[in-house]
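The following blocks contain the structures, represented as structure tokens.
Here chain A shows up in two complexes: once beside chain B, once beside chain C.
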Partner chain A sequence: MDHLVIILEAVPTTLAVTGASFAVGALVGLVLVLLRRTPWLLVRGLARLVVDVLRGIPPIVLLFIVFFGIGSGAIRLDPFQAAVIALGLVSAAHLSEVYRGSLLAVHRGQFEACQALGLGRRTTYARVIAPQAARVAVPGMVTWAISLLKDSALVSTIGVAEIMLVAGQDARSTGAGLLPFVLASAVYIALGTPLALLSRYLEDRLSIERSR
Partner chain B sequence: MTTDPSAGQAILSLSNVRKEYAGHVAVDDVDLTVSAGEVVAIIGPSGSGKSTTLRCINLLEVPDSGTVSVLGRTLDTARGVKHAELMQLRRDVGMVFQSFNLFPHLTVLRNVSLPQERVLGRSRKEADERSMALLEQVGLASKASAYPPKCSGGQQQRVAIARALALDPKVMLFDEPTSALDPELGLEVLAVMRQLADKGMTMIVVTHEIHFATEVADRLVVMSDGRIIEQGDPKAVLADPQVERTRTFLSAIRDR
Partner chain C sequence: MSTSLLNDWADWAPRLLDGLGLSLKVTGLSLAIGLTLGLVLALWSSAKRLPVRLPAIVLVEVGRGMPALVMLQLIYFGLPDAGLTLETFPAVVVALSLTTAAYTSEIIRAGLRAVPSGQLEAASALGMSGGDTQRFVVIPQGLRIALPTLMGFAILIFQISALAYSVGLPELLSQAYSVGAATYRYLDVLVLAGLFYLAVTIPASWLVARLERRLNRHL
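Right after this comes the complex of A and B.
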């Protein structure tokens, strides 16, 4: 049972990396999607380039660029900060695509109604479009959160003491090759399940056609 | 009401309006002047440019050239329109869509009140009072707390009319308001529109409802291939169309 205790002690770190990266991604992704919908061609093009580049790089490569490349130069980043920045950027690119798809799912007539009524851009997005887009975006966002939870194992490579790192150390120091990793898998599944349930619950609650 | 445009003061006019989509001319050389209190019905085959013309009035489609003038404020569309001018225009002109376009996540009451709060700065209480009065007028006060997807199409369209009226527009545009409705539900919408016309609202209605056009409109405008080909007193145009294209279109409608 010592194996399990060691892994459980690392759960808060895994959750912190996942949660912080997701929060960064959710916010930066929002900025990216808004930039992609500005009237200015150059801004749109740049935002799209950023998204494509971030999505085109394997997350571990981006992680190393941030930690070994940027984080050991002029600015000092500790492993946790570097992890959150790298996974946050990957999340931002991905979530901006989720948002973009959900905006496209909002009927064009909704924008036209807002225009015809003379609603400003902010009111249009905040009060009319976003609430409808959110319903479409939630499942994709939760799916990404689950992926991110699993991908957070990558940050063990730069020394963040999360589940994967401690499982590896435990395996090496005790010679138990299988058990720590099986336990780690079980813990990842246990952490991911509530997210999947949350997704189903939210989809249900946010459904426009729900009976009231 | 009379068909003589000089009876009411001109409240709206389009001059030389042209709109092209990727080489396809949707609307060309459209001139249209509407007097205060006048009800104008626009008919024509699909693709004739009648909806585009309507959408050029409140600049949902910005014409490539031509001027749009509402309440004496003239916008030259080729020169570009300032944001403030656009907002003023949309304050003066209300619009009702074929597909209603109510906000599905807000109650009927919020649908009608939110724009008043945001556009006119009314307090929630003021806005709700006005909304309830208008919902009463369109016969839907009892639906105030319902969500649009739970309402019939006819009810949704009447709410959409109330939502537009709540901003006190001077002109109302209707883009095929009954085309998405079965005939009975269409009737309740037409009844509300007739009521509105009787109260003196200036209305421009793109429609296939020939009966409504004859009974309620002061003027019938016929469009084909992006141009106005004929206009005049509805009964006169229907009885004795001057243009061959009008004749074939009308007989196609009658033969249904």
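Right after this comes the complex of A and C.
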């Protein structure tokens, strides 16, 4: 029972890393997708390069670059900050793709109609396009949150005391071997399942066919 | 970019290349084993009766629900406690294979379900047995539908192979980290490692995108 208590005490840290990284990613991802839709080719190309690089590097390598590479030089980053920056950047790249897909799903006629009505670019996006794109984007965002929850386990490698780290320490210090890891898996599954159900529910609820 | 950095990179490159080779080996082996298991799980979890398919569904959900890092550490640090001690390399391959199997079984299952029902009806009209229908009609077409997604997953498992650092397998990330520890030039060497990973993942993702367009050309 003690093993479970130790792991449960680390759940808030896992949730904090996941939540903070998701928030960073949701905002930076928005910037990235807007940059990818600017009229300037160079800006678009750079934004695409950033997204491809962030998605192409294994998250743990990015984490090490941020923590050991950058965070131990001129700037000092504690493990939690480094974790949120690294996972936030990975999330930004993935979420910008989710946003981009959702914008592509909005029918072209909607843009043309806005133009015909003389709406400005800002009004077009804020009042017409975004609400429709959000229907498509939200289930994808929840799916990413599930992946991120599991990816957060790798910040144990730089010493953030989340579920994976305390499970590993518990296994070594008590000699309990298998049990802490099994409990950690169970806790991750218990945290991810409600999100998976939420994603399925939202997909059902927000799909355009249903709402017509 | 200074030439001294390029010189250092040239010095470190052979070591990192060794690591990259090991990363690719782990990835390839895990994919070969994992995809086979994934196909078995996909067929098993498509069984008609619920009690038959239930164990497969539980296995898949557990495998997909736990982080790959937890799976790896469970097998490497946890299993010796249950009397099963694996060397680093086999432990990594087993862990990544199981993760691959859980994820790809869902991808393959979706592919199998996407085979038009007319194909099944045609097979039964020709008097093919259930097993033959699966083997000659459903599986070949289903795998073809699933191929782009499977290749996308292959890129992901190559990235996941970097987690083997945590159990001390001398793959690409471990090599870079130990060069960093010896020279205190973590940023320089980790960036080079990142470029090595990108040199594989970015062309691979272009390939997947091209394949996807090609396969969808006639749809």
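By our rule, the second predicted complex is superposed on the first by the 204 of 212 C-alpha atoms of A that agree within 3 Å, B and C clash if a C-alpha of one lies under 4 Å from a C-alpha of the other, contacts with A are read in each partner's own complex, and residues count from 1 in each chain.
One rule holds in what follows: a residue touches a chain if its C-beta (ideal position, glycine included) is under 8 Å from a C-beta of that chain, and two chains touch if they have at least 3 such contacts.
Because the structure is predicted, anything quoted here is derived from the model rather than measured.
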State whether A:Pro59 touches chain B only (first), chain C only (second), both chains, or neither.
-> second
Now for A:Ser185: first (chain B), second (chain C), both, or neither, which partner does it touch?
-> second
Between chain B (first) and chain C (second), which does A:Glu112 come into contact with in this model arrangement: first, second, both, or neither?
-> first
Touch check for A:Glu97: first (chain B), second (chain C), both, or neither?
-> neither
Would you mind checking which one, chain B or chain C, touches more residues on chain A?
-> C
Touching partner for A:Asp170 - first (chain B), second (chain C), both, neither | neither
After superposition on the shared chain, which partner residues are touched by A:Phe68: those of chain B (first), chain C (second), both, or neither?
-> second
Of chain A, residues touching chain B in the complex = 107, 109-110, 112-113, 115-120, 123, 127-128, 131-132, 135, 208-209, 212
Name, in rising order, each residue of chain A that touches chain C in their complex.
-> 52-53, 55-62, 64-65, 68-70, 72-73, 150-154, 156-157, 164, 167-168, 171-172, 175-182, 184-185, 188-189, 192-193
Across the complex, what residues on chain B touch chain A?
-> 58, 60, 87, 90-91, 93-95, 97, 99-105, 114-115, 118-119, 147, 149-150, 163-164, 167
The chain C residues in contact with chain A across the complex are 61-62, 65-71, 73-74, 77-82, 159-163, 165-166, 173, 176-177, 180, 186-188, 190-191, 193-194, 197-198, 201-202, 205
